[in-house]
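Have a look at this one.
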Amino acid sequence: MKAAKVVGKTKRKLSRALHQRRRSSPGTAPGTLIADPEAHPPRIHVASYDESGIEERDDIDVATAIAMRGKHRVLWIDVSGLADLGVIEEIGKAFGLHSLALEDVVNNHQRPKVEDFDHSIFIVTRMLVPERGVETEQVSMFLGKDFVITFQEQHGDCLSPVRERMRRDRTRLRQEGPDYLAYALIDAVIDGYYPVLEAYGEMIEQLEDEVLADPDPRQIDRLHQVKRDLLNLRRAVWPTREMVHAMERGENHLITDGTRIYLRDCYDHAIQLMDVVETYREIASGLLDVYLSSMSAKMNEVMKVLTIIATIFIPLSFVVGLYGMNFDTSSPWNMPELHFRYGYPAVLLFMALAAGGLVFWFKKRGWLGERRR
Amino acid sequence: MKAAKVVGKTKRKLSRALHQRRRSSPGTAPGTLIADPEAHPPRIHVASYDESGIEERDDIDVATAIAMRGKHRVLWIDVSGLADLGVIEEIGKAFGLHSLALEDVVNNHQRPKVEDFDHSIFIVTRMLVPERGVETEQVSMFLGKDFVITFQEQHGDCLSPVRERMRRDRTRLRQEGPDYLAYALIDAVIDGYYPVLEAYGEMIEQLEDEVLADPDPRQIDRLHQVKRDLLNLRRAVWPTREMVHAMERGENHLITDGTRIYLRDCYDHAIQLMDVVETYREIASGLLDVYLSSMSAKMNEVMKVLTIIATIFIPLSFVVGLYGMNFDTSSPWNMPELHFRYGYPAVLLFMALAAGGLVFWFKKRGWLGERRR
Amino acid sequence: MKAAKVVGKTKRKLSRALHQRRRSSPGTAPGTLIADPEAHPPRIHVASYDESGIEERDDIDVATAIAMRGKHRVLWIDVSGLADLGVIEEIGKAFGLHSLALEDVVNNHQRPKVEDFDHSIFIVTRMLVPERGVETEQVSMFLGKDFVITFQEQHGDCLSPVRERMRRDRTRLRQEGPDYLAYALIDAVIDGYYPVLEAYGEMIEQLEDEVLADPDPRQIDRLHQVKRDLLNLRRAVWPTREMVHAMERGENHLITDGTRIYLRDCYDHAIQLMDVVETYREIASGLLDVYLSSMSAKMNEVMKVLTIIATIFIPLSFVVGLYGMNFDTSSPWNMPELHFRYGYPAVLLFMALAAGGLVFWFKKRGWLGERRR
Amino acid sequence: MKAAKVVGKTKRKLSRALHQRRRSSPGTAPGTLIADPEAHPPRIHVASYDESGIEERDDIDVATAIAMRGKHRVLWIDVSGLADLGVIEEIGKAFGLHSLALEDVVNNHQRPKVEDFDHSIFIVTRMLVPERGVETEQVSMFLGKDFVITFQEQHGDCLSPVRERMRRDRTRLRQEGPDYLAYALIDAVIDGYYPVLEAYGEMIEQLEDEVLADPDPRQIDRLHQVKRDLLNLRRAVWPTREMVHAMERGENHLITDGTRIYLRDCYDHAIQLMDVVETYREIASGLLDVYLSSMSAKMNEVMKVLTIIATIFIPLSFVVGLYGMNFDTSSPWNMPELHFRYGYPAVLLFMALAAGGLVFWFKKRGWLGERRR
Amino acid sequence: MKAAKVVGKTKRKLSRALHQRRRSSPGTAPGTLIADPEAHPPRIHVASYDESGIEERDDIDVATAIAMRGKHRVLWIDVSGLADLGVIEEIGKAFGLHSLALEDVVNNHQRPKVEDFDHSIFIVTRMLVPERGVETEQVSMFLGKDFVITFQEQHGDCLSPVRERMRRDRTRLRQEGPDYLAYALIDAVIDGYYPVLEAYGEMIEQLEDEVLADPDPRQIDRLHQVKRDLLNLRRAVWPTREMVHAMERGENHLITDGTRIYLRDCYDHAIQLMDVVETYREIASGLLDVYLSSMSAKMNEVMKVLTIIATIFIPLSFVVGLYGMNFDTSSPWNMPELHFRYGYPAVLLFMALAAGGLVFWFKKRGWLGERRR
């Protein structure tokens, strides 16, 4: 249903994906943070919880957020908007985050990955927000002994199901540690791909119907767009799969065995996404073949009509041209037919027979074969 | 024989495959069961057996089914229809099944897989029921120390051979434990793919004959449909192969070495299916090439006829048009040919020679080459 | 030389390959033997030999064959024709063969494979008999401590070189145990692929010459057939390679280290076959491109002739039509050219110049370019 | 922006890549250095530094450079221009570099790789200098306990960011050992690919727009060039990825654990490059399909116009030719229509109706379908 | 430069590659030598050397050659020409070579490989001799404790650089053992591929230029030939890479660690060859696309000219035909235009306007678009 709304928003994404990576000023060391000039101002949301209770604060400053550490078993700091490097650096210092990881937070065109640091795990995922088409937004995540810190590019995300679950008592989320929260967030991000893929499924089916019914060059443009978007989705989904797999198989003690079972489930979903993307890509490729065959069939049809008309009438035109010649009929050798009493009807009859013969020959060759189809 | 009946029923499956996965209400935790609104009402069939005897009960309630545990060495509870979550939860509680696995039972678009839990193995397979085309139905299976529990989406399956074997004394099935039953069920599911693949084999051969005899655009539509269905089949068969392999190689003590030999046999069959699906896909791709070549050959033929006719008659029409001009023949320079005694026969002769020359030239170039083919 | 004879006999093989696998009557357990209704009656040939001597018996009954066990170091029972299940079962019982393996003997559409049972190794190969095209025949083989048992679908095979070697004293074959015999048989089966592949090589080269000389739609049909046959061959050769590799690397003590060196040689041959099949497939695919390019070049040629003729004569026909108009020349404005003394020659000259100009323009564009090629 | 400047400079690179590798004079042993006749004269730049300070010298002779060893913790000798083999050999002797590695320095068409020698690591990277298009320049690097030696083909590189960072106190670079310098150099080389890839991204997008708007054969030439350049880039990027991976995973003690974390970051960037190159290649391939579809659609359009015009006017021309015949109308059977009072209007009307009927028929078949698109 | 000379000599190689492998007479055991009837007579060249000196003998008999063993540290027997099986068997016996390996020497269509026997290593390489195109010649090599034995199919090879190095004192070759000699020979064989690949590079570039400038069907034939030759080269290069890798990684004590470093260098070269072959193949495939696009563009051009001419003149011809009708103008309804004073100029004007209108319409649609390209 939302196919049209979702598809086609990634145009111009291609080259932009590479822009920011370059460190702009020469002499900048790796690990130095440089803000994207288009970044949004940060807004900090904090949730501190365990079985006993939950404390939530929205739109607070970074010092307050950090100070909440230790109140409960799990602290989740969620920063949306990356314009203020001070905030990122302060959090990094307070929680002992590696500068290279912080650099990846700011250069928000990373592939999904997981990196194991001493006291924290750094996770990069890419989130699809339905309103923004296939343009993915980077969600960077740090998982520590008693905290999860997430950085998003913009406000608005697909994590609200996790927040709502957190607010209810007695959910598994409230009983488990930060590793389960990290899992829940990754799971929510992966869940966010489903409606978008669904929209592409509908899009492809619609295209399929149209191509089969009436091939048209503009379908190729749309098909190309769909294939390109699927290529982009694959670039996000493929490393997500690897990332979840690495988390599940990893040896870091920050992730408990109980959570690993959930990650395996998550991994299944990532494989399923992969599977669907690949299937769509194959169907889209097949559609191109169908399109080309249909077009060539249409062209064949056009050519056949032309050939039939021309093949029948060109010889007839020759005949009537023949008797339009102005030879001097005073010589008995010159066009005596013109003076025959039944010359005209005879010519008409001859032409009718010739045309009929050709039509019969065409039928035999199957060129008029409307009936046979 | 049943090719036409089987093929082409999966239309519209594409996007539906993704619908249910999304947990509908925000805030729903993983492991929460939500019934598919289109699910069938459950019907429970139980068989409890060992060498000594067998007790079968059909259409009973869930408590009765659970109470039968322990009567014999093997208990098989088969639930078809997933509309009543209470049933699933009750069974899950009684046999200690993991909530994530139960969630996968209900969200019936899982890929075939095997998951090893503490006291049970969770197996997902996808069953083909010939009457329903390539639309696979999920069969979820739990294998425990003394039980096998299967969940199917609908009534009616391809497992009756197993049931009949079970009723006969002295079969291997009756002498072995639940792992052998699980193997027998998986084997029956895999067996169910053969007639469907056979139907596609016939379909492709028929298409092959038609394309070679008389290429037609509608064949491309059918070819596209066949390729898409094979793509769907591959998505079901490929993970089945992996699933059987994982069971055979797995280290779970619930599966005995004797059963592993049978699973190896099962694995061979899955590979064979894979092999056939891939071969069909390659043949189908090759057919497209044949189709396109045939079409372009046909078009060439049409063009040649047009060219021959036009090339012969257009110059002749020019000649007769020439002598149809109305120049004032009182000037001796203006078209004196018209007054020649043999002007008309000479022109006719000239045109016959010209046409003959062209026909000869065409023959030399091989354009009339009916004889050479 | 035998290309035509060999190629094209596999038609209709496609779907048949899947027929028999299904156990026909419901309730049949795995390991139950069901004869193929088209199977040949069995004929048993036995050879018992070691360095000291050889005893051969042909067309004997199964009990006699079994009784020969132990006479020499190696007993080879060769059963061709699988119609009599009693024979197979009796041999199975006498030599302790697994029922699943015996089932695979009868369901003769197995992929080449090797399976390690307790006291025997079960080997499936597929034999090409030149007279039967690419339709492979299953040769099942059991290798034990003191025996090799082979089952073939039909009488007639490519194993006679082994038999002749066996009859001569002092050959390595006579000095080695049953594992060397198994190797020799597998090697003979692999050798049997060479003449068939050679025939396809010739076939492809002939097609290559024809396509380059004169593309014709029927070549595409043959090319399609060749590609399909190569696909079938690949399906037989690929698992053969794996099978030999598994035997060479396997840990079963039934195969001695000396024989493993020979198996490595065998493996090289299987890889070489694989290599040739893949190369042929790539060349065949390349040929299709050549064909399509040639066809489109031919079409281009045809179109150019049409265009040249039409483009020259259509304007000329217009001119002569113009002076065929019947305007009342009593008005001095109406077609005064008709009354010019040199009107007709002037028009002829004008038309000759126009035609010449067009020919010159075509030449400049390279459309008449016979000379340039 | 710089797309046009960057793209298309690699022409003629293809065969040259293979020239120098051949040792020119027969009898030359491996490890013998032979200068490329086109090599640049060497220029040596040296930097010796640690936390305490830095000493830089430019354009000095080789003995002075070697003598600086040991002054600080890290010595970086950078030689640009490989014409003087004496320089290379002298350095090789002084630092104990393997002769095979030195040969690879001179034969500057190596693939990126890392080789582990006893007391040094030999690293080959390929540097992109924006001004030179996709023609990569080999940067060979030796990493030892207290030195990094780099050899470049030409003056001018993309390493100045590293040099500037080195000059500033308190940067990480100054505090770490030579392994970190090697990392920083590799990272700078990889960074150098981003602007070039960006240019290709823009190029492809521009081509995409043009192909969708108005397909033109010259786009295919450019597309071919782009694909070829991407192929070249892939040949440089792919082994770079492997090289960084081998360094990160390698066991050589010359690389500290701290630096390995940075190399992992580097590896991420290499994967990202790979990813972008592959995506571009896929998009470029897709573009070809779009181009071909558009062209065939255009052709279809042309053919339709021709067919419509010809199909309408050829029959009409026949009719007017018919009444241009000169039958002797003194016979009442010969063309009495000519004498009808309303003969001419009747014929005009008939022709108008015929033409209208054809137009209607075309519309029904969708051939005039301007409105429907 | 030598492109034309090198390319296209492999024709007919295809099927021959398979001929000899079949053991011709039934009953021949593996390990039996059967001479190729087309084999050359053998010629033996021996070099015995160590640091202290070298003794070389050419064209001697086999006994003399064998007797030279032990004179120096390394003995190299080089046999070119395989017609005399006695020579091969005698050498085999003297140096304890395995009969299967000797069989592979004679059946000279082996893939490059390395096989580890007890006291010797058997190496197969395929040598390219520039004069013979891409037809490779098998060089079989045995490496033992104190000898290297090589068998070549023909006289003349690319090993003379090694021989010349051997004759000079103090080269590394003279100081090292037989493993280094084996390396040097393999390296020389690999070096021999470079000039041939270079020729193909030039060939492809030339084709590229021609296809872009003026597509022509004969280019496709050449392209097909080039692709086929590259396929053949790949079949030789790919296993060479594996062979060198296996030697470098192998555990045989006959190869010293020092030599392994040189083999690693050799491996790099083999990978580089592989890389070039694959790149050429991709470029060649891309060229086909360019060719097809160019051809279809050319065809489009031709069609447009035809359409423009026909579309302009067919309606005009109708008009002039109209006024050539012979209606009896005594009726005022019949063609009164013919009697108008300005009828003829009016018709001319009308036709000029119609033609102009069509030309304008074509321009607007971009069909005359010479200027826009």
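Here are some notes:
Read from first to last, the chains carry the letters A, B, C, D and E; within each, the first residue is number 1.
Definition applied: a residue touches a chain if its C-beta (ideal position, glycine included) is under 8 Å from a C-beta of that chain, and two chains touch if they have at least 3 such contacts.
As the structure is a prediction and not an experimental result, all values here were calculated from the model.
Traced through touching neighbours, the fewest hops from chain A to chain E number 2. Per-chain CA centroids place chain B at a distance of 40 Å from chain D. Distance between chain centres (mean CA atoms), chain A to chain D: 25 Å. In chain A, the residues that reach two or more other chains under the touch definition are 292, 296, 299, 303, 306, 310, 314, 317, 321, 324-326, 335.
Listing the chains around the ring, anchored at chain A and oriented toward chain D, produces A, D, E, C, B. Every residue of chain E that touches chain D in the complex is listed here, in rising order: 160-161, 164-165, 168, 171-173, 184, 187, 191, 194-195, 197-198, 201-202, 204-205, 212, 261-262, 264-265, 268-269, 271-272, 275-276, 279, 282-283, 286-287, 289-290, 292-294, 296-297, 299-300, 303-304, 306-307, 310-311, 314-315, 317-318, 321-322, 324-328, 331, 333-335, 366-367, 373.
Interface of chain C with chain B (complex): residues 12, 14-15, 17-19, 21-23, 26-31, 98, 100, 104, 109-111, 113, 115, 117, 214, 216-218, 220-221, 224, 227-228, 231-232, 235, 288, 291-292, 295-296, 298-299, 302-303, 305-306, 309-310, 313-314, 316-317, 320-321, 323-326, 329, 335, 337-345, 347.
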